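What follows is a pair of complexes built around chain A, which joins chain B in one and chain C in the other.
Showing the complex of A and B:
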């Protein structure tokens, strides 16, 4: 008689403990997790954390698509990737590259955007057929003037100039003549030295060379009395002979990460993305019989007829109706010029003989 | 060729008599008899279950960094198939949280023995469904979507929630663990493969049960519920349907229930209770182990695409092929094997009887096949668990400082050797079981050996297929 009340009380206590545990597990635990993640964690963080979810564009791309940050405000960008390996970088001009982010991985970077402007979060690893669409924008505003126009929205003078001259960026620009043998810029250097003051003055000016194509320069040199092959060698020297090796090495990395997927490592237009673009019918427009393929920088006919500023404009604006994305939001103007210089090296210092 | 009638199946079909009664341990007996024993374990598992569901619903969609995928389909699965089932039988059913909510609502309590009957509408489970055919169908249905279920945390979460909901709904209409006994797609194969386990719950003396008028283990007592698995321990000859809930241990006033340690595979030779639905389960499980090995571990990307529902037409083809092999192909071949065994042995046993009995010889090879398949992906992917433990939702947490531990396949140099060894052990054990089952049907050892030959050929072919898949 004395034992039973104790056992009953024990069972009751056990039941109360079990019910309490049940409530904690079913309600308290999930609520606690969500509260910590979405309320407590942001509240106690030393800086604002911005979560970016990076997925292939077919399933959403980088979200959120637009983020607003005040200039001078330190923020933590936390990138998580659910699907395939991406390479996450932010430009222009920040040198902010998080490198590869594997599926399920979470990478963080603490960053302060010092100057107002429009920055782009983008993927630099070929991740899907629509890889090139994978971007989001960070709008960095001046906290003193939050509604002011962003400086990077100012028009690009080179593109403006081309437009003023009614230059059609998308028109074919085939060179009227192409070299019959591989370029030799070292030989071209000797030719230029030999010419001395006889070298047409325009050709020596970098501004002129940016506005004119190698084919135009070649015509001037032939008119000045050079043999056809000698003239091509001299052009090669004038276009790439004075380029800085260290800068080229840096921009080669830029090319490999952002351009090689479609244009190929050697610039022959045969990157793995080229087939994907063709499969999607990208570039099939204007009644063209075949889709427009990624440009081959090793092909002399099309390359030598174009100008540096034309390529600069194409890189920054992107290719209309093609898979070529706009790189203006990603690269600085200086980086773009460096990239154009690098494209010339693919033509004038190719690993293989130039394709005609 | 002379024909023989089947021999009388006797209880001594059970392999040997070697048993160690674990419940002689006063501590263990007291623990198992405690009302808190099962609920405490279920609550612990419920915590992990809720974590898995939460991670699946709101965590990272990347399966390899989500608790729902890593801890359900890698950690839990590996523990279940490698440790729990072979050594502890239905021990998982003891601690499984899925039937918990339904059972607790029905009992109006978690721990205590609530006075009165269970709260349900008291419907009777249809007699035609008192078997594991529903579980067979459920397992196959899951298998068809396995490539999605095993990789997508949200799908896993909804599946787990769906199972809980189904358990609750069934508990509204039916008394006891109808869900576990007749519906749970996992419970079906756990029951079959538990025939191999080294643990059993049995009565010490069947005569005590026969003479006991009140059958407290079935109807319950003020301290315990009647068997939720609707099993009479006095008749219990196999582990297939005992959920090790230990209610009978609490109920028995005669102290006649024991938990025993026994030889591996003892129940496979228990002839009483062999059924077509279980035989089919053995064949389905063996087929699925082969098919999973081919689809999930094999080099054929196009099959993976089909299984991943890349296109509806592809998945339909995959599903049709999967079902054709698992439901018709392999069982059809085994039917012919049973026919050949009968002819070779020269016995007059009905072919259906022989098909059913011999199918139990597939259990050891099926189990080792599943363990080999599991070893293939657990040793490769297991280290994800280390980082997921610290960051279960993929939100960048670092609870235990292991978030950044990189994924690294372990013991890859021994994976293949282990798989081969497991398969050979399974093959040998299956052949022995096939012989001993054949011996139950034949008058002489020579007949039994002849009857075993076709089955052994089938087992060897299956083993070679496994080896081909694993060795390339």
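Showing the complex of A and C:
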């Protein structure tokens, strides 16, 4: 009667072949990709790859939040970003900055952490009102003793000494006197030259200057007989001496990347991040009368009444609920001192701050 | 062409010269324009930049939330700007017209709609051309009116 193709279990041979092809495509292809991604690639890779996903903190921040790596083990860090541009860097003391990572871009870097310790992956491009919370930790352990506690940083002598003297980092530090005319540190250099050995010995010592405020130094100079304006110029000269040339350029970049969004490029406290903090009500806490805004380093009153070591400690510790991030886990001590010196430059020599 | 008619056209010639050469009050000599553009999700403030042709444009670019870019195709301008770090961009607006500029850094879902406009005006040769056409038109009308009735132009 009718001629029908051979059937096996109700299907023609052709149907079975087609079905097999379909199964190979639908199951085999994804399986192959996954196999390659998670089995073949790690097996043939020369080093371990760690994938970091960087998102604004509202949707997860940098993940994974903690990564364990053996000291001396080379690893490849691969960073991708799904939302907006971030800047990914790792500190302290690694000089590791991948720069901007744009959405859709993948940046990778090979690193070997030589010394056990705690490192911080952080974002250095303002990317959201919570940008400054965007951090994760890399724990580098000693492969010989993987379970040993990580060496914690030796206590910071500057901060210890402030604590021993019961200095309250958060107390207001308004200067009793402020200059009546703009500073001229160049004029100040001539004043200091002229004074020569008559310059009070304390003022010539960098350690003394770190522990005392410009206002205190000014009072000493006025007591030594200097005119009020001249005394300010001399103080300006003494306080900005440390930074110049390449060091100034480097620290200006550090400041722009990490601090300018809140404190403003010129240090006037009016960066776009300041507005974002205010809109979120950050800094308004503990029954404070007014929220603490990012400090204005260009304002003479508060700046001249503070000391370098106070600012150093505040930068490393952070602002305790004010939105001022804690920079201890990110910056080296030396970088912190350079930043403090830069803050003085913004106060004493605003025109000298390098511009982009 | 009669001598009298030539004399008649002389004032129009002078007028044409004036139209071509007079400095127009609304087209001042090129200046340096300092403009600030603030980029935010998902707009530029101000959305329209107006300059005159020949001006040197000195843009200060700021970002208030995330990284943005500013890209003007026709002028080869492309800069990215981070919140907190102002960028300065300089170019000479040597081509007149309306140019669309856009954000060149993917900055969120509405990023493709983040555009602005650069208006380089006025188009001076155009204004003068219009003036010149009017003068020629007037001259033609006047000379035609003076023709003897029925006479063809140019017959002596």
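Simple rule for what comes next: the second predicted complex is superposed on the first by the 329 of 356 C-alpha atoms of A that agree within 3 Å, B and C clash if a C-alpha of one lies under 4 Å from a C-alpha of the other, contacts with A are read in each partner's own complex, and residues count from 1 in each chain.
The rule we apply is simple: a residue touches a chain if its C-beta (ideal position, glycine included) is under 8 Å from a C-beta of that chain, and two chains touch if they have at least 3 such contacts.
Just so we're clear, the structure is a prediction, and the values are computed from it rather than from any experiment.
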item: Which of chain B and chain C A:83 touches, first, second, both or neither; value: both
item: Touching partner for A:265 - first (chain B), second (chain C), both, neither; value: second
item: Which superposed partner A:12 touches (first chain B, second chain C, both, neither); value: first
item: First (chain B), second (chain C), both or neither touched by A:103; value: both
item: Contacts of A:35 with chain B and chain C, given as first, second, both or neither; value: neither
item: Partner chain in contact with A:26 - chain B first, chain C second, else both or neither; value: first
item: Residues on chain A lying within both footprints (that of chain B and that of chain C); value: 83, 103-104
item: Residue ranges of chain A touching chain B (in the complex, touch as defined); value: 11-12, 14-15, 17-19, 21-22, 25-26, 29-30, 33-34, 37, 78, 80-83, 103-106, 108
item: Residues of chain A defined as touching chain C within the complex; value: 83-85, 87, 100, 102-104, 125-128, 256-257, 260-262, 264-265, 271-273, 275-276, 355-356
item: Residue ranges of chain B in contact with chain A within the complex; value: 35-36, 39-40, 43, 46-47, 50-51, 54, 58, 60-66, 104, 109-113, 391, 393-396
item: Touch list for chain C against partner chain A, complex; value: 62-67, 80, 82-88, 105-108
